[in-house]
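Both complexes below contain chain A, partnered by chain B and then by chain C.
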Partner chain A sequence: MKIASLLVAVGLLTGVTSAQSQELVVGSQGDPSLDPHYMYIGTNVAFWRHIYGSLTMHDDKGSPVPDLAESYRLVDDHTWEFKLRPDVKLEDGSMLSADDVVYSLDRAKSIPGNPSPYTVRLESITDVKAVDPTTVRITTDKANPYLPGNLVDIAILPRKATEGKATGDFTSQAGIGEYGRYRVSSFAPGDRVVLDRNEDYWGEKPYWKRVTFRVMPNDASRVAALLAGDVDLVDFVPPTDVKKLRENPNVAVHDGPSTRMMVLLLNYRDGQIAGLTDAGGKPLDKNPLKDVRVRKALSKAMDRQALVDRIMDGTADVATQIAMPGMEGYDPDLKIDNADPQGAKALLAEAGYPNGFGINIACSNNRYPNDARICQAVGQMLARGGFQPKVETLPMSVLMTSLVGSAPDKRDFAIGMLGLGAQGTHPIALPTMVHSVDKASGRGAYNFGGYSNPELDGVIDKAVGTLDSTARNDLMRTAVDRATEEVVVLPLLFQRVLTASKSDLTYTTDPTEETLTWRAKPKAQ
Partner chain B sequence: MAATSIRSIFGGRKGGEQTPFRRFVAEFAASKLAVLGLVVLSMIGLIAIFAPWLAPQNPYDLAQLDIMDGMLEPATTGGSGFTYWLGTDEQGRDMLSAIMYGLRISLFVGAGSAVLAFVVGATLGLVAAYFGGKTDALIMRWVDLQLSFPSILVALLILALLGRGVMNVVMALVIVEWAYYARTARAAALVERSREYVEAAQCLALPTRRIVFRHLLPNCLPPLIVIATMQVASAIALEATLSFLGLGVPVTEPSLGLLISNGYQYMLSGNYWISFYPGVALLVTIVAINLVGDHLRDVLNPRLKS
Partner chain C sequence: MVSYLLNRILQAGLVMLVMSAIVFLGVFAIGNPVDILISPQATALQREEAIRALGLDLPVWHQYLNFLSNLLHGDLGRSFVFNVPALQLILERMPATLELAIAATLLALVAGIPLGLYAGLAPKSPVSSSIMAGSILGFSLPSFWVGIVLIMLFSVHLGWLPSSGRGDTAVWLGVRWSFLTVDGLAHMAMPVLNLALFQISMVIRLTRAGVREVILSDYVKFARAKGLRESRIIFVHILKNILIPVITVVGLNLGTVIAFAVVTETIFSWPGMGKLIIDSINILDRPVIVAYLMLMVLMFVIINLLVDLIYSVLDPRVRLGAR
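After this line comes the complex of A and B, so read on.
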């Protein structure tokens, strides 16, 4: 009792002091890279947003809004024009210019040995031109309505301060030309980054004068640090700890929707597949997954609500379709039926598999929250629905190897589970998982099962090239509805972003899972 | 040494007119603790062997699990009217059944790897001692080399190469543990080798294989049996560690280590039972084996005898 009240007192005390001194300490899962064009992962993007900026920014719903560009418009179907703010003051006192944009968009493509380059966000761009010091024109090879949304994730660097600097040179704290809300005060890779507020920032200045990111990749130690009062805010709270944290009066849990969708991919390959077997374990001659009745049986067997309630402890939302509310193409009329194992068995029998068949489910065990648990539960549900599932949980790298296989015609998985994140404003499952594989256009990049439906391809191609947003939304919805009808993939759930802080702070999460410290504010204000 | 003195009192009274085996049994029975260990161990062994008939649920049959019964506290009755005496994990797996089946895997892995490692290690150790020279140097340096690495590291490496699976874990444990048997067998055989009965056998021109396995081996057995008992316990612990780290058995067929690992994440959330009961089962098993092993060593080691 005494200890508890002491802890409360200490907690309140540190909370008050951190708010008064306007210092925020964040327990961060990611170890940020100071080079904003190196390694495209959410935690890095969240970090560089503190010290640099981008032409556009997403609002808290995920839609692009002007940022460094005060406005943008379509000049013609293939050309976007961005007008820069005139008041973005750089470290050396000069102003950000169109030339810096040209330089940055080029640099983002040309980082040597980049394990996860930002180029996916620069696709279809053929030319970037500075028309005058505050105007940039970007030409695309085909009409690309998503360009402003894509540029949300490309950091704009000042040419003068950073030209010629390699990623390794960004580890030094001097001379990387930060002009965003904060400047780097000190940087110890793998340990912490300390940021000081940039008093010359062009926009609304953040509340916190000093922000420290402490690198804590281990979930349990991050949570423990928050409970001990060592940090004020932690990101990526493990779902299993949410209940306990909610009961703690010194801690506030902030959750919000995430665009990350847990989805099951199916293998559509012809011929024998090792993951699809008869009762004796021999590969089936005919791929049963090509029969839509079998796919519908899979979906019927799935109890998505139970996954959300039991495995995710309520920290997820049932996926009724491959789009989530607020995304283009989301169809509010689509409902997911309740789990119906008997119905699944009936459909299986109708398709000629009255006793089911052996089906392999492969998933990761180290990538997404509760990935291995979701997978086991899926196995359980399929078993009740008349299938004979076998669950394999693998490290992410091994899972990817087995999904990609040595060649498309040698892929032996039956069902693979992936988490598709950072979707932005439209369901990227459509062009990447439902669209047939097309190396030239980059479509179907995650369509490991080789699904191909020319009619759906046509709708998707048309949608992503339509500039009129209403028409595009209608096309997207048609594609979402068709993909749902055909059960091309099985969306399971959308995760939620889980952040926790001391109880005297408020915070708004972001669907991109980015931790943006200026959204944390003391409650009193 | 209390155990020794107790044994010498009882052993002294009974010794003499009995056969060596009976004397051994009497000496072993003298330690109440060791007998208790043996009884517990036998019970655990029986539970493991008859788990499919004893366990209320088959935790490996996904169709029998009900996720809606997940995370129930011990002694709660689930939706299907079935009472889970040790609670359930997040998949709705009955912990009591899971522990019974988990014991099966743990004991199979422990005993299986011990037997295989015994065969490999003892053979190589005897060969090294009997032939001496280069053969001896080669085998024993290899043993030295391997013993200089922590066994968990070697096992991790092997499993990273082989992948998960019960048989792969057994393989890894055999590769890790044969060295202990080899070293012990060699030490014992070196002593025996210079004895007259070996010389006599050699004078009779008996085949080497016969001398090594029929004459040397039986006389080197006592220390090897002791090592084997100890190694079963350490193999079970090592398997649990490997499974805990996610490299051991498949998730759908959890061993004790994997059950502990599954529950570990929920410890802070107050759902202690998922880790706790498998942990207790593991602890009891290992303590029982060690009690038996310790006492076996006392009985079988001539140097500890007064």
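After this line comes the complex of A and C, so read on.
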């Protein structure tokens, strides 16, 4: 017992000193890539923001604001000009220059064997030129109002330190040429990354002198580590644990809106679909989902509030439309159908299916918080609304295979559930899920159901190429309204970002779900 | 002997080849990694490009042949997630797993043999009954549940032990080890116990069964009749004879513990191979999955070969290759 009490005392002591010594230990879901141009996923972006910088950064609402670029402006419809800060000091003492930007925008595109390249943020760029040491001009093939927003996610690397270095070199050398808020002090892959504050950082220096990211992909372990006091902050708290954590006086839960929308995709393919059957289990000859009355019935059958309250324990917001409040195109006047199973049945009867029909719902069970439970609840709601649903919960990899299928005309899902995170200020579902599949423009990449509405396409195309923000917002809103009216997809809910820390810390979450440690501060007492 | 060895090596090669085909087809069937990894904002064209860059657009037999030809050059592919050679990635994580597995096996022997011995010698005592009941629990409780309970008890409620991770490490032979530092040992305690629980139960049962059998044999009775000290009878006549099967089973099981420390490593965020393989399966990091399974097959093949060879040395009645 003596040893025990001693250990407890030591634990308490370190608990006190960790705040005073300005050291923060984060239990992090992701295992970061030290090469900021390799593998575009949110946890990687959040990590490199600690050690590098980008021309622009997003504010709390997701809108782009200057960062390494002190200002930016449109020169003409196809050219953006970025003016660099003169005071960004690199590791070797030299200053960041326009040439580093040219180099970085090119490097981000050319990492070999990259399954998730950053190229998605560099689309439409045809030329990047250094006009003088602090001015960069970027030319696009079409008017692109989202360029400053896109560059938020492209890390700028110093050419001198990193040219010719491969992804593996960043790992083996534990970071190369870091000039951001922190520098990598040590890196043990799969275990931890230790960052030390960069005293030469050009901006406001973060409070924490040392930040350690401990890699903990398992949700239960991460939460347990926080409860045990091994870490000061954990990201991606599972919604089921939130209630318990809120009751714990030693822990503070920080939540905020997330851009990630849980949405149901519908299959619009002609011909027989295995996921749509009659009462006897035979595929229907005609696809009932092409009838807007049937889609409206689906929407009426959904009790979104119950999903938020019961399944997500209140850690989500009802999605009334595919845009979230604050986004371009959000229509505050739009109301979503209240749960109305009788109305759904009536609509079904009107469409010629008085006894409903068999409909498959395919969801992931390992990708999003509570994904399988949401799916089962959706199944029950559809059953109440007069459908004969069949719920399939699958690992994400298998779900994607069934959604993508071997070819578009062989896709056999009826309803598929995905979580779509918007990295930017506009509802990303419009160009990716609502717009028809168009290889030339790259739109409709997630339109697995093959929905096609030329009129809506026209509005979306026009909107994403409109530089004037008011006009663009109006066009976006028109598209959101039309998509809602047509029930192209069924938005269910927006998740919330859930982060938890020791109770003596404050933290502001970010809608992109990025964990940014400089936002964690000790509570002023 | 030489022909026997050659034969075995050929057999092993064949097993590896068949295994590689099964693994490759299996992983291929799970899905396309690009679908999971790529940003939702990627256009169809960018997606196709990424798929092509990784060689995933080729038909499965073509991909398999590419894989085999690379394998002959000692290249098991590069991890999609980390962009480093898969083999290197696995070997880097191996010491952490080995450390855990060996410690768990030692613990199983150190704790299991005395307990089993006691249970065998005094089968009617209440202590023995509780040892045996405990061993049933050790067999049947799922290890992920035990792991969580251990964390809840020792880390969250009592605050004695750190909940996860490797802790401080010290470098020995160019590799980082946890067992060389006090902090590292504290981090090892719970995962080792968690991993060893099944093994301890098994050793207890094996030892007890062995003792019950041997204690009735003529030579033990004779030793008693001769008036030898009880301690000499137990430790020389009984223990020595029951150790052979115990060591055999525990040794063979070491392979399983190394290959499937997955659950323990995941719960305790132990950065070993098991955690790597689970993470890789979740994001379909194909090269790592295939390389890991190939490596495990190789390990089992080698262990089995060694066991056969050692048997022939230990027991002259076993002749290798003789008909």
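Note that the second predicted complex is superposed on the first by the 504 of 525 C-alpha atoms of A that agree within 3 Å, B and C clash if a C-alpha of one lies under 4 Å from a C-alpha of the other, contacts with A are read in each partner's own complex, and residues count from 1 in each chain.
Going forward, a contact is a pair of C-beta atoms (placed from the backbone, for glycine too) under 8 Å apart; a residue touches a chain by one contact, two chains touch by 3 or more.
A quick note: this is a predicted structure, and the numbers were derived from the prediction, not measured.
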For this session: Name the chain, either chain B or chain C, that contacts more residues of chain A.
Result: C
For this session: For A:Q342, decide between first (touching chain B), second (touching chain C), both and neither.
Result: neither
Exercise. Counting only touches as set out at the top, which of chain B and chain C does A:S186 meet: first, second, both, neither?
Worked result: neither
Exercise. Is A:D35 touching the first partner chain B, the second partner chain C, both, or neither of them?
Worked result: second
Exercise. For A:A306, is the partner it touches chain B (first), chain C (second), both, or none of the two (neither)?
Worked result: first
Exercise. Where does A:R384 make contact in the superposed view: on chain B (first), on chain C (second), on both, or on neither?
Worked result: first
Problem set entry | Contacts of A:A220 with chain B and chain C, given as first, second, both or neither | both
Exercise. Counting only touches as set out at the top, which of chain B and chain C does A:S110 meet: first, second, both, neither?
Worked result: neither
Exercise. So, A:R121: does it touch chain B (first), chain C (second), both, or neither?
Worked result: second
Exercise. Which chain A residues are contacted by chain C in one complex and by chain B in the other?
Worked result: 220, 366
For this session: Note which residues of chain A are touching chain B in the complex, please.
Result: 220, 223, 238, 240-241, 243-244, 303, 306-307, 310-311, 365-366, 372-373, 375-377, 379-384, 389-393
Exercise. Which chain B residues qualify as touching chain A in the complex?
Worked result: 61-63, 65-68, 70-71, 90-92, 246, 250-252, 265-266, 268-270
Problem set entry | Of all residues in chain C, those that touch chain A in their complex | 30-47, 49-50, 53-54, 78, 80-84, 89, 92-93, 148, 151-152, 155-156, 158-160, 162-166, 169, 176, 266-269, 271, 275-276, 279, 282, 284
Exercise. Across the complex, what residues on chain A touch chain C?
Worked result: 4, 7-8, 11, 31, 33, 35, 38-41, 111-117, 119-121, 123, 166-168, 171, 188-192, 214-218, 220-222, 224-225, 227-230, 366, 395-398, 400-401, 404, 420-421, 423-424, 428, 432, 437, 439, 441-446
